[in-house]
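What follows is a pair of complexes built around chain A, which joins chain B in one and chain C in the other.
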Partner chain A sequence: MSRLRTGRFALGVTVVAVPLLLALLGPVFAGGPGPRATSFTLGGGHWLGTDFVGRDVWRQVLHGGRPVVLTALAATALAYLVALPVGLVSALTRHRRLEDLLMRPLDVLLAVPSLLLILLAATVFEPDAVGLALLVALAQVPDAARLVRAAAAEAAARPAVEALRMQGETWWRIAVGYVGRSMLRTLAADAGTRLTGVLYLVATAAFLGVGVAPDAADWAVMVDRNRTGLFVQPWAVVVPAVLIVALTTGTNLLFDAALDKGGRRTGKEARP
Partner chain B sequence: MSGPRSFVARRLLLGVAQTVAVVLLVFALTEALPGDAAVALAGDQPDPARIAAIREAMKLDRPAWERLADWTAGLLHGDLGTSLVSGRPVSLYLADAFGPTLLLASLTVLLLVPAGFGLGVLAARHAGRPVDRLISSVTLAVYAVPEFALGVLLVTVFALRLGWLPPTAVGYGTDLAAHPAALVLPVLVLLSRPVCSLVRLVRAGMIDALASPYVAQARRYGVSGARIRYTHALPNALAPAAQQLARTVDWLLCGVVVVEALFVIPGLGTVLLGAVAERDVPVVQGLAVVFGVVTVVLNLGADLVAHRLAPRAGVAA
Partner chain C sequence: MNHEHTVAEIRDLRVRVDGRLIVDGVNLRVPPGRVTALIGASGSGKTTTGLALLGEYPAGAEVTGEVRVEGGGPVGYVPQHPAAALNPARRVSALLTDIARARVRHLPVRRRRLAARERVLEAMSEAQLPSAAELLRRYPHQLSGGQQQRVVLAQALLLGARVVVADEPTTGQDALTKSRIVEQLTAVRARGIAVVLLSHDLDVVRALADEVVVLRAGRVVESGPAQRLLLAPQHAWTRELLSVEPELPLAEAPTTEQPVLRIRALTARHRDGSRAATVVLRTPELDLFPGQSLAVVGRSGSGKTTLARCVAGLHRDHDGEVLLDGAPLPRSLRDRDRGQLAAVQYVFQDAHAAFDEHRPVVHQVARTAVRLRGTDEDTALREALTTLAGLGLPEELARRHPGRLSGGELQRAALARALLARPRVLVCDEITSGLDPVTRRGILDVLTGLVRGRDGLSLVLITHDLDTASLAHRIAVLDAGELVEQGPAPQILTTPAHPVTASLVARTRAGGTTA
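Moving on to the complex of A and B:
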């Protein structure tokens, strides 16, 4: 099983490496914007042709990964920044009222589909990249907080916690030092699937025009805007689409292999 | 959890609370508009006549709670408000766009169930062998892919290179059922994520069930393999899958928005996106309430079904 796991791990790393390197290092090598050429042409000094306003596609590709990756990472981090304290407090508090106050509103929010929430907000706020990260994080908080609460409640019910309490350890030491540490594995597994889900949401929102400028250098925006020229100049669509596929697939494969507890997984983890 | 009835009652209560929350959240949208809502909505054409018209149409000079009461009362009677842009009732938008979306969603669910369960059982039967490894890896990989990226690549291959299928549904109007070829790619794209998650759940549930003592006992009695799989093990693997099925319907609503945009299908998703772009708040609100309530009801149904199938497993409520 371990040979298999190493194989999948290597596959994940290979698949995710190309888009990730392009996203992080691309802007460094992109160089200045050249003169605009005719829309949707092939050749003419442009390795991957030109896009819908005549910009060099390769240069757009080099620039277009960073917003996707950074927004997704920021949104995931933000979601945990809220979900961790809320989940921990509601699992460790002895006041039922406080737990209800923290968790019930989230149960209710869970009912709203994430993309719908983002589109609703986009109607009134016209968010930028930061706004999109905040929105995606908001959509992730209910589910993440529930998971944190469940994991923390399981750890908090152990005899060790009773013992710590009787020794008069502080709340912080119990919450962070013991409960927090014992749910690290669950959190790591969740962070992997959550990052995959967030990448999906960020890219989809950008494709639908939320949180991005209409001519932004962003892989998802490139797919959307260059679709009109698909028959003339497919590279402007295919290259960013393949990169997004590789990025999301690779992330998922990588985390799945890295966190595999030796074979069987309950598919429950496989939801965003 | 003191009994099935109290579980059902509590779950129903949560469903009601969620419905109310969806309605309040959607209503709060106009309140969240920065500054004067009418001015904000007029956007690019801020002439006084248009601002006055918007104020009049949305009754912005009345207090919020009165508008909320009116709007909610309207919702209960099926009156979803009137578009700011065209002046048509929102319910007409819904009626026009409902057909294509319903067709897409029902076709997808119809194919999703046999495909998900079939592949899941197949993978579980061959757990650890190449068939299972292939199914598991492919579902894991495809599961994460955004619909638009997958869709655009499928269009490039099947419509552009091979020319087997039309690239979009442009020119077919709302009568998509008469043009099945135009539906193949959209349904395939819509299926991709739900199928993967369903397969993984069914596989995990089946492997658990097949390893359980009662299956071993049935084998000792000489019960045939197929009978064990489909009449004994599968029902136990169903409970988590039934819940997942409802979650997928929630994804379907999101997926439909993307797929309709991608393949230019005149359904609810297209109407929603158009209204978002034009900041036509009443239309967005009407559609959001419909989408939100459908999601709440489906999740409620799934939790109740899952509870009926496996009362032991505590279902979220």
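Moving on to the complex of A and C:
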């Protein structure tokens, strides 16, 4: 069983390492921009062909990781930074008013489609990459907070929490030490899918010209913009797409392997 | 070999999980139309053996040996918690008809519906579910625990199972429900179906079993016809398992002046989604004296747990007062200060759910001393280990995670966790109801020892079991949320004044003497 777990761990690390290394170290090895060639060609000194405006795809791939990965990771982290305390407080409080005060405004936000929210804000603020990360995070908060609250409410209703209160434990120890720990698996699963969602929200925003230039070296933008030439020159779409998939799948695999302690326990096993 | 007809047979079964043998060479023959009871302390391999008949094993188990069921037919299973086996989103009719439909495939299409319905009604009446038409429309959560169990049984009967495995069917049930379950399993047996009963409830085993198999640590120590085995056990372990619960009268109730805990005009409510509050408990007056133990008894749903939770500060929605040494206790735990928290401690019914599964038990136990008495971590850890050892939990076990301890061991740990606060009042909510007789006796010994040994520790024992209640100095009887009777234990047990008490006493007597 432990060999299986190590195997999954290694697989996760391998899968996630490729896009991460490319994103972090890519720009160092990319070199200067070469002369532009014809759009959507294969060969001709271009290892992965050329993209929709005739740039070298490999060079774009090397450059395009950092903004996507950083924006998406920052936005996801920011979203949880707000959602975790809000969700935990509203799940653990006994004052319904406080819960309403925290959750209802978020429900209103939830009713607005995230892209619309971002576009609306963009018309007022003209955000840069940091601004985009903030906006995407804002769009993710209501959803994430609801999930945290639901997962936490389940854990908070267990006798273990009452036992901790009986021991006079601090709020912090109960909320983070027990409730937080108990919902880690749910959160990890959610973080994996959320990262994917955020990646494509960033890409869509970029496609509409928010935060990122429409011809920027950015994996998500590359997928969007090079779609038109998919059947002529597939690499310009396939390579960045595969890298994004590898990033999200690898993250999920890593979380799973890290949280899986010595195999799953069934209810039957625990009983005599 | 085949001198007797069997519907299921296990030969030399060995189940090993993580290098530990859970079942070690068990042989079992299940004859039709008889009840075969597997008895033994928790952890003896009863459930693993029973589930083997279904072809189910714990995750990651290495299995050797042979399990044979006649005709490879389905084996019914009635789990300990039937609610978990029923899809909560579907009505009873759907749950049963789904199975019935598969059994009427051979019929022409237009007759199937009617045939399925007939089969469902037949199975329900065989499982002793009356007023079927009304029950069919309900969802599982609208049924009582006993009814849920019978629905699961009806499912097994619909499947055409020749063998039904019943896992602790009476655990946590009151005397009245228990006798219904016995009737219902008797009816199943009368149809020629073999019943494999996994139980540590000896009353039920005495009432039902034809064959008894005694397990200990995964091995069969003794087996034979129930009459012979229960009356004249050969093996020392069987004798220990069967020995009647010892009479453990507590020390004479100290006659003291001031009650430590007083309950005055308590009215507790439950609120559900509709905001309509239902009164679930009315207790005009109840006192607890230092050094005394008080048993609160009643059937399930009588409000005894609510009473305990009001005292412990876990149920806020109540009027009236709970006074500790004359000073009212805040309704909610969160408003109680350290001293008040330490003074009233609570031990939960489900020890597994009351521990954090991610931390070693001893560290969780030690936190009480750190938080409520302000000792430093090292002292607390040492104290925790001493207290745990005193309650029969050696350091090697105490350092494990809760998932690797048995129910009895964890309940001892839960007691230690409460005791480290040096409480004046200890509230125990059905803490022995899920345990086998040997373990239960061990826990009750610990409790009586505590009341005797500690100056002024008072005990509130919530229980549905009058045998357990008889260990207390005083007994209070609850019925449908009303406090119907209270008084010294001998008086309540010998001359019950209220009909509810009388029927509880009578049921217990009957249960204890059925052979």
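Please note the rule applied: the second predicted complex is superposed on the first by the 164 of 272 C-alpha atoms of A that agree within 3 Å, B and C clash if a C-alpha of one lies under 4 Å from a C-alpha of the other, contacts with A are read in each partner's own complex, and residues count from 1 in each chain.
Just so it is clear, contacts are C-beta pairs under 8 Å (C-beta built on N, C-alpha and C of every residue); 3 or more make two chains touch, one makes a residue touch a chain.
Keep in mind the model is a prediction, meaning the values are calculated, not measured.
Q: For A:70 in the superposed arrangement: first (chain B), second (chain C), both or neither?
A: It touches nothing on chain B or chain C.
Q: Per the contact definition in the header, classify A:178: touching chain B only (first), chain C only (second), both, or neither.
A: A:178 contacts chain C only, not chain B.
Q: Can A:108 be said to touch chain B (first), chain C (second), both, or neither?
A: The first partner, chain B, only.
Q: Count the residues of chain A touched by chain B and by chain C, then name the partner with the higher count.
A: Counting contacted residues of chain A, the larger count belongs to B.
Q: For A:224 in the superposed arrangement: first (chain B), second (chain C), both or neither?
A: first
Q: May I ask you to decide whether A:258 touches chain B, chain C, both, or neither, giving the answer as first, second, both or neither?
A: Neither partner.
Q: Looking at the overlay, does A:159 come into contact with chain B only (first), chain C only (second), both, or neither?
A: Only chain C is touched by A:159; chain B is not.
Q: Does chain B (first) or chain C (second) touch A:18, or do both, or does neither?
A: It touches nothing on chain B or chain C.
Q: If you lay the two complexes on top of each other, which residues of chain A touch chain B in one and chain C in the other?
A: In chain A, residues 263-268, 270-271 are touched by chain B and also by chain C.
Q: Which residues of chain B touch chain A in the complex?
A: 14, 17-18, 21-22, 25-26, 29-30, 32-34, 40, 128, 133, 137, 140-150, 152-153, 155-156, 160, 167, 196-197, 200-205, 207-208, 240, 244, 247, 250-251, 253-254, 257-258, 261-262, 272-273, 275-277, 279, 281, 284, 288, 291-292, 295-296, 299, 316
Q: Report the residues of chain A in contact with chain C in the complex, numbered from low to high.
A: Interface residues on chain A, with respect to chain C: 1, 94, 158-160, 162-170, 177-178, 181-182, 263-272.
Q: Write out the stretch or stretches of chain A touching chain B in their complex.
A: Of all residues in chain A, those touching chain B are 4, 8, 104, 107-116, 119-120, 122-125, 146, 196, 199-200, 203-204, 207-209, 220, 223-224, 227, 230-231, 234, 237-238, 241-242, 244-245, 248-249, 251-253, 256, 263-268, 270-271.
Q: Using the touch definition up top, name the residues of chain C that touch chain A in the complex.
A: Checking each residue of chain C against chain A gives 17, 41-47, 51, 56, 58-60, 80, 84, 312, 314, 316, 332-334, 338, 341-342, 345-346, 348, 350, 352-356, 358, 367-368, 371-372, 403, 406-407, 414, 417-418, 421.
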